[in-house]
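Note that the chains take the letters A, B, C and D in the order they are written out, and that residue 1 is the start of every chain.
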Amino acid sequence: MAVKSLSENETAPDDDTRRTLLRHMLVARGVDEEARRLQKQGVLDLWPSCEGHEAAQVGSALAAGPAATVVPSYREHAVALLRGVTPEELLAQWTGRTFCGWDPHRVRFFPYTMVLAAQTLHAVGYAIGRRMQGLEDFVVVYVGDGATSEGDMSEAMNLAAVESASVLFVVQNNGWAISKPAEEQMRTSVAERARGFGIASAAVPGRDPETVFAACSRAAAHIRGERAPFLVEIRVGRINGHTTADAQEVYRSSDDIARTKAADPVTGYADRLRGQGLVDAAWFAAVETEVREIRERLTKEYA
Amino acid sequence: MTGTVRSPCLAESINTALADLLDQDPRLVLIGEDIGRLGGVFRVTRGLRERFGADRVRDALLAESTIVGQAVGMAMSGLVPVCEIQFDGFTYPAVNQLVTQAARVGGRWNGRISPSLVVRIPTAGGFRGVEHHNDSNEALFARVPGISVACPSTGEDADQILRYAVALGSPVVVYEPIRLYWRRSSPPRSAEPARSPTAARVVRRGTDLTVATYGAITDEVLEAAHDLAPDVDVEVVDLRWVAPLDMDTVLESVGRTGRLLVVHEATKDVGIGAEIAASVAEYGHDALRGPVRRLAPDRRAYPPGDFEKDYMIGVREIRDEVLVMTK
Amino acid sequence: MTGTVRSPCLAESINTALADLLDQDPRLVLIGEDIGRLGGVFRVTRGLRERFGADRVRDALLAESTIVGQAVGMAMSGLVPVCEIQFDGFTYPAVNQLVTQAARVGGRWNGRISPSLVVRIPTAGGFRGVEHHNDSNEALFARVPGISVACPSTGEDADQILRYAVALGSPVVVYEPIRLYWRRSSPPRSAEPARSPTAARVVRRGTDLTVATYGAITDEVLEAAHDLAPDVDVEVVDLRWVAPLDMDTVLESVGRTGRLLVVHEATKDVGIGAEIAASVAEYGHDALRGPVRRLAPDRRAYPPGDFEKDYMIGVREIRDEVLVMTK
Amino acid sequence: MAVKSLSENETAPDDDTRRTLLRHMLVARGVDEEARRLQKQGVLDLWPSCEGHEAAQVGSALAAGPAATVVPSYREHAVALLRGVTPEELLAQWTGRTFCGWDPHRVRFFPYTMVLAAQTLHAVGYAIGRRMQGLEDFVVVYVGDGATSEGDMSEAMNLAAVESASVLFVVQNNGWAISKPAEEQMRTSVAERARGFGIASAAVPGRDPETVFAACSRAAAHIRGERAPFLVEIRVGRINGHTTADAQEVYRSSDDIARTKAADPVTGYADRLRGQGLVDAAWFAAVETEVREIRERLTKEYA
């Protein structure tokens, strides 16, 4: 159950990857902003924002690689976009058109699951099923801190451990399940809990996509090498309310909200790469153009 | 079309009733996801944590089996837990604890304890909710021995039902229609009180046809009835409880009108309407001037928001059905 | 009283059908508690693990949500899981995965996948089982859109149903009556085949009254029918499926006999009988010579063994009810 | 979360307690044998034998003390008898007369729960409820190795940990869930799993009632001192089939069955106390008389 020790070099992203990380984060942010705007206009019925989760999502998804099958919860918009779900497809279900706007097979990104933690058992079952068919798929399943309290999550961890399933559990611990703080949801951490079931795990901060990328790369190497599960718990900040229907000011201190905003992973990483000279004004302008076009397309499609 | 009356809305009545009950009975405790700090995703419990403390208005772990399972233990310990499930569609993880445990505790203890345990469940659609947020699952528990199921359609009824439920000595599931929580005006109803806390209520007197219904759609039924008057004079029975069902009130009404239409928002098959229609077909056969009919969505999943209008039973469908039956 | 015929029993037929299916389709996999080494607590799967390996005949973890939840994932991966729940009363922990997941996967994927997934559930009482081991919960899933529910009463039907179910492309729950698993003799039935895999079967032709029934109690209905002949000539329809219900066959039968009694072992309220009675009361109204009646246990828990005789519907109750209806 | 270190002396049973342990084990064995006999005669419908579990049950129940509220699974016959459930009351449900033959309040031993692991949540809820009423009950809940796979067990551990409930979880790991070996049910142990949730735990062999008594006494002290849960996993042998309906020879090697029989905790402990001169022939004769009378009463009542 020991983690294969890979040196930093083996898992640290190269410069191209770093730019890719930032670009995906910026695009996700742009889509999220547009979605929230459209929701305010009544075009979307609801939107669970992923602002604050971008580093965790982009870092983990890029580390997992394009061959992995992703079983999301309902907030993994940055993962969805990175996997090739178009922004239009992503928003479709929140406008009330469909339960799933994309082709899950084409992008190997499954439909969102609204019933918390139910997808964790699907992910493990899928991994077992693929292995039985001689196709050792690598499966990534996303779950929130609150959802880990559901029996299904524990059952999925036990099943994955017993079957030694090739599943990467990514827990995005944003400190809240709607209004319930994560400290009141558990006494330890999900990473510790996983070890109790016999699943190797790591807990990492989720502000820096490179840290996440490195941790998830190591996890992926472990899963591929040992053909055994791994759980990465990523601490992130939830910048907005649980969804657009949630007024987080009711239960969350303005200090806490301000601190979370100040620790924005997107601006933080943008500043860092800019400071390191990895990206310049022209690069940002290109991404901005891309985002503007996306936003225009979304408005055209839905507004 | 029809006049409406303004009254305290469902959420307010429930909030007041819960506050009263917490005040009167130290054994009462509320358990649910986000019911404390946030006051519930529908704000039904707002202010209660501040007033009664986090111990009695408990922000539950995010696990429905835990909510009901611990409530069973608490009830055994002498408390009266009033649980909230956040949306009807998330009831399922709690079904095992409700059906195989809560419903059977009294019998398993040979009547030595009779724990009261209430589960409040926001229900039904009509607000473009995302997947699983629009369910109407009252029939699920209505068939389970040992569980009572209430479906109030007004704040006044919800109040009476809650006060009755916390003292019943066996589990009660209360389905609260989401779209009524904050609705302030609704079609006028006859002032006749229910004969007992579990009785149905004749909310409109009429002579030509009885509509038996419950929950949010009672408003649409009343609106249709008003629209049809005076050509067709519809009597409307709001069942208020679907387990036990007050068949006496329904049969008496059918005895007067000779016709019965059952309307509900849950899908038709093996639903509450089936039970009522079957009972009336058997016990009210001689009074019937024509076949009992049911108006309810077909057996299919509640669709995405854009399609919910096609799915739901509206005032027009009710009117049309009554006209077909009385023509 | 009545002659009986000897035939392969239910358990043997299911065992043979499963073996055949495992043989023919490499995608098929069985998952259930104790189904492998032990061959199931009813020995229905015996020999299959030895023959097909522990990988395809999987002794599941002791967790019903895990059984169905992983099956959903396996089905998505291209396999055809056939799950077993050990007893009907232990279905509840799996209800969430079945109702909110398995039943909705096809719709959620916009029809891009149509996973076949079968859940076999030993059901019903009559063998002095301890608490929870005697449930009849078919109505639970019959009302759920997206789930089909079969209730075979013979090995031949179980065989046909299983073969159909593994290829349906949506979840099927199959209720297998425990007391028929090893019963070798049963009342004779008419040889008429069902018109389609999901059709009901007229297992006895008659002219005076139709009994619609399903599952283990079909034998008692047939016995009662034989007893009553030739004074009363009872037609017996074995529904075989309770979702979808083959109302055509029932209505045609009622069209011939003019009378309908529904008999089932599950409690009466909001059950399959209610749906049939309501449908016939509506669509067969003109053919009816008297009210449709239901014969089923009252809404109470299945009692301890010493009291099950009072609880269950027996041949005598069926005979008496038919006599009342035809006198 | 550290276990208060109590010296052996503080928790080791004194000689009276040791005789009491043995007497309860012998009585339980006698009742179990009679129940199996009556089942063979068709008087009982079913019987889940506790042979092999006696040391674990008697040791844990005696350590928990008479004030504790016990929430059993369905095999805790030795606990039941120790708590004052009469043999007639104990058998009543297995003869089909009732769902529970005793008054749960009088003996503070709750009805058996057939739906696996459901009782674990009741136990925690009960403990929370009593504390809320100012009555800090000490609650002992029994669960089997197989049942720990159910989501409810994990949920109960998390709830107990978060609420710091005064609950002693006693896992009787008899190596089997009907035909499924415990090694295939979990990758670690339930004790490790408990720690993952933040519950202090211990794993002990269950052949010697004194070991169990000592471990459970320490656990009880921890629970009373810290007002926090504890989990004791006790490894026991299941001498008979899962129930009288189960032919364990189908899935279990005759060697394994023979080994388990040879390690019978009852004969083992009887021999030991006899060897140590703590009990003599007269003492055994008295217990035998007691057991014979019980068996006669049971036959009279039910056969």
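Convention: contacts are C-beta pairs under 8 Å (C-beta built on N, C-alpha and C of every residue); 3 or more make two chains touch, one makes a residue touch a chain.
These numbers come from a predicted model, not from an experiment.
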item: Labels of chains that are neighbours to chain B and to chain C; value: A, D
item: Comparison of A-B and B-D by number of C-beta pairs in contact, larger one; value: B-D
item: Centre distance in Å when chain A and chain C are each reduced to the mean of their C-alpha atoms; value: 43
item: Length of the line joining the C-alpha centres of chain A and chain B, rounded to whole Å; value: 38
item: Set of chain D residues in contact with two or more other chains; value: 98-99, 115, 149-152, 155, 158, 162, 184-185
item: For chain C, residues that touch 2 or more chains besides their own; value: 61, 63, 65-66, 89, 92-93, 96, 100, 104, 107-108, 131-132
item: Residues on chain B engaged by chain C in the complex (per definition of touch); value: 89, 92-93, 95-96, 99-100, 103-104, 107-108, 131-132, 139-140, 142-143, 145-146, 243, 245, 267, 269-275, 277-278, 280-283, 285, 290-294, 299-301
item: Footprint of chain C on chain A - complex, ascending; value: 98-100, 103-105, 110-111, 113, 115, 118, 120-130, 132-133, 137, 151-152, 155-156, 158-159, 162
item: Residue numbers on chain B that touch chain D, as the complex places them; value: 27, 29, 55-56, 61, 63, 65-66, 69-79, 93, 96-97, 100-101, 104, 107-110, 112-113
item: In the complex, chain D residues that touch chain A; value: 149-152, 154-155, 158, 161-162, 184-188, 192-198
item: Touch list for chain B against partner chain A, complex; value: 33-34, 36-39, 41, 59, 61-66, 89-90, 92-93, 128-133, 304-308
